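You will see chain A twice below: alongside chain B first, and alongside chain C after that.
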Partner chain A sequence: MDAIYWPSVFFLIFGALACGFALAVLLSANIVRMAFYLVLSLAATSGLFFLAGQEFVGAMQLLIYVGGTLVLLIFGVMLTSQERFVNMKTLAGDWVIGMIAGGALLSLLTAAAFSVPEWRGPERAAVENLPIEPNATPIGMGLLGARVDQIGAPADERAGMAGYLFPFEIVSVHLLVVLIGAAYLARAKRRSNPLPTG
Partner chain B sequence: MASAINKLLDWMLSGLGLSVSADSAVGYIVAALIHITLIINLVAVGALVFIWLERKISGRIQDRLGPTRVGGKFGWLQTLADGLKLITKEDLMPDGADGFLFKIAPYVSFAASIAAFIAIPFAGGPYPWIAQHLNTGVFFVVAVLGLEVFGVILAGYSSASKWSLFGAMREAAQVVSYEVPLGMCAVVPVLIAGSMDMVVIGNQQAGLFTNWFIFHDPATFITFWVYLTCATASVNRAPFDLAEAESELVAGFHTEYSGLRWSFFFMAEYGSMLSVSILASVLFLGAWNGPIPVASMLGLTAANGDVPGYIGNLLGLLNVLFKGVVGVSVMIWIRWTLPRLRIDQVMATCLKYCTPIAAVMFLGAVVWQYNLPGRTFFGLLAAPQETFAVDEGWAALPTTTAEPAKPAMVERGAATSLAPRLAANQGRGN
Partner chain C sequence: MTSSLLANLLTEPPGVAHYMTVGAVMFVCGAMCMATKRNALGVLMGIELVLNGANLNFIAFGSKYLDNGGPQLGLDGSLIALFVIVLAAAEAAVALAIALNFYNNHDSIDVDRADQLQG
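Then we have the complex of A and B:
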């Protein structure tokens, strides 16, 4: 029994679920079912994050990706209720273009994954050789302006090291602008020549 | 827990000449099964009790008696009789329905409703009763609570009925909108506690009820009521039950469902009501700490040994469940008191009232915490030092270079080094 390394087993289970449902997205022709399979695939991916002990990233995956797919699902139901969109037939040319684009990305990711030497040995050794428990906390604190991973550095090196607060703020303001723009575009237009109201 | 089970198995099997190592997989599987069984039973039995409670309370509010016969006094077995009736009902599916999605939708709702309980603590202290102790428990629970709507939308779409689809669309719009103020309200206690760990948040409210976060400052007091409104809306309860408005949409998203599938939706709804109530109690109402710290007065803490700690945790469990049931009862009371809102009124409540109020209260709590750190009960009392020690998990910034920060999270926080925390993390993983 001790020969089985259970984290690997669970990794394989979640990975197979994620890949299987991703294939189901590809092979299904109904748009709502596609969205549902996408949800399951993304949820299995968040399971992988939880397995790695990264609860924050896993919950983020659930909130953003799975919750985002919810909106996709709603639009799928609302906007494409005509018969020709609900069941989509893919043309042969689309298959070819999709295969080229997807295959290029797949080969890139595969090459990148196999280029990490620690990921090629047995998993158990790689996990046990980790210096500290990997954690999303340094990234989160970095976004708040504190580089906790650099806390041991001498004071003169740490001067001006503001973490990732600045890019974080820029992205936030950018998103705020986008939100305001969306609200402006979506609001009901006033008539140019309004009737006098009593 | 897993290692304790392995030790127990080892002791039981030693007579047979077998031995179980302390980190054997058997213990982990048994521990997981125990947690799952407890959580599913909490939701299922909770639904039985809450449905009876709902009938009884609604009867009293409408000057009726409610159920009186099944099970002798007070009709307390009425729900069981209903359940038996539901099992014997024919399992119908419309001709035009998408069979796969139609069948799976109730389970999606139910699974999402149960999943939230994985990260909810039922007793605190150094040895909390929690299925999976997550660092970011609040975030996880809020994220999972938003997933229940998937089952509703799938049900509405796959039923091939326009009433169902209308109900599902309304529910989608409502839940997506109300997640925003709900998340903002949940952030306020998090920023006061300095942690997203629900056990830490609960433990910081130990002591008298004056330490509860609802009484921390005026902003949190208002935030609690906004949270209650948003929680009622996000679990789709009246007066926000637009998705099943029976006067307009027959029964909304579950029009076409019958029998046990239908009852799964209701178990999910009552499970969500309980989980948002327990979340409210952890975030605002002192979690497992009663208004008067009876357990610590009697010495029932883990510091005095295992058995007193266990009894103290049992009292904490009763506290959490009592607060949860009170929260559900308040939701039932609201449902039978207020008339249903229109869809535009529901949206206006969220976007024009709840969201701005929550945002302003968030700012208010920040300003209050910045100017009056370490105070509680509207700033009148000093908070006990030990309850406000935030375990940030790394050494505080050296004060030689950084000027002492006023927000005082770092300055007041326990200056623990990384090493003991890692050891603690590894120890508590099971």
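Then we have the complex of A and C:
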């Protein structure tokens, strides 16, 4: 009996939390509880990101997703939470069709994931000998257009692996335009016949 | 079979396939949320779950700690995951604005009531 490999234990914990709370989002009928379960599910996913050695993406997941996007969603829930919309039951027929389609898709995806031998877990000794390198600097350099992880690659291989400066610019402007558009769409309606003043 | 798989997971590192399984569960839950929820915000939460399940696969393929000799994304995986997170934030903002507009105009958040475009 080998010693317990603790990252695997944490993977099981975070994976079970992520899957369980995702199921809870699906099965709950109360929109407020769904929002709360979604927060927990996404936070557990960021734990999985940390376990995969992607600590920068995990931190961004916590900051942007859990801290930003979900707070926005919860504001939406609060702004529309009239009594009759908090609990909305799904029709039984929808459940049956959804369960059939979802179960088929899930079994297909899981079988596909485990059918490739290279996607199974690596040897324990190989992983334990890997150096621990933070990857925030390569990500930052990649966003600036310099791929420090591809320096050793031959030039013809590097040709298609340009940096991400241009996509970074596009996504920045996209975010700005989208937020202006969202603020314009969601602004308070001005009354067509305002109350006479004075 | 299941018990040996679990015992293996306690002493051996997880691989890409395990991450893909978690991602598949989140993806399917999100897709079913989109299909079955009647509250527009519930549909939105389903979209977030789908995006996150897909992101988990990018992270798994980009991680060297899960690599068992298969094709790897390397740094591209983490960069694409970052872009997905940012685009999900943008998508949530627009979808929420549309949902609030719909709520203001129809006094309802039920997606089944949004049938005006049928003509």
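FYI, the second predicted complex is superposed on the first by the 120 of 198 C-alpha atoms of A that agree within 3 Å, B and C clash if a C-alpha of one lies under 4 Å from a C-alpha of the other, contacts with A are read in each partner's own complex, and residues count from 1 in each chain.
Here is the rule we go by: contacts are C-beta pairs under 8 Å (C-beta built on N, C-alpha and C of every residue); 3 or more make two chains touch, one makes a residue touch a chain.
Predicted model, so just to flag it, every value in this text is computed and none were measured.
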Partner chain(s) touched by A:V178 [first = chain B, second = chain C, both, neither]: second
First (chain B), second (chain C), both or neither touched by A:A146: first
Touched partner set for A:L73, first chain B, second chain C, both or neither: both
Per-residue contact with chain A, leading partner among chain C and chain B: C
First (chain B), second (chain C), both or neither touched by A:I4: both
Touching partner for A:V32 - first (chain B), second (chain C), both, neither: first
Contacts of A:T90 with chain B and chain C, given as first, second, both or neither: second
Which superposed partner A:A52 touches (first chain B, second chain C, both, neither): second
Chain B/chain C common contact set on chain A: 1-2, 4, 56, 60, 70, 73, 77
Touching residues (chain side chain A, partner chain B) in the complex: 1-2, 4, 6, 30, 32-33, 36, 39, 55-56, 58-60, 62-63, 66-67, 70-71, 73-74, 77-78, 132-133, 137, 146, 148, 151, 155, 158-159
Residue ranges of chain C in contact with chain A within the complex: 8-22, 24-33, 35-39, 41-42, 44-46, 48-49, 52-53, 55-56, 59-60, 62-71, 74-79, 81-83, 85-90, 92-94, 96-101, 103-104, 108-110
Touching residues (chain side chain A, partner chain C) in the complex: 1-5, 7-9, 11-12, 15, 18-19, 22-23, 25-26, 31, 34-35, 38, 41-42, 45, 48-49, 51-54, 56-57, 60-61, 64-65, 68-70, 72-73, 75-77, 79-80, 85, 88-90, 94-95, 97-99, 101-102, 105-106, 109-110, 113-114, 116-124, 127, 130, 135, 138-139, 142-143, 147, 149-150, 161, 164, 167, 171, 174-175, 178-179, 181-183, 185-186, 189
Chain B to chain A touching residues, read off their complex: 21, 24-26, 28, 98, 100-101, 134-136, 139-140, 142-144, 146-147, 149-150, 153-154, 157-158, 165, 168-169, 172, 176, 179, 393-395, 397-398, 400-401, 418, 422, 425-426
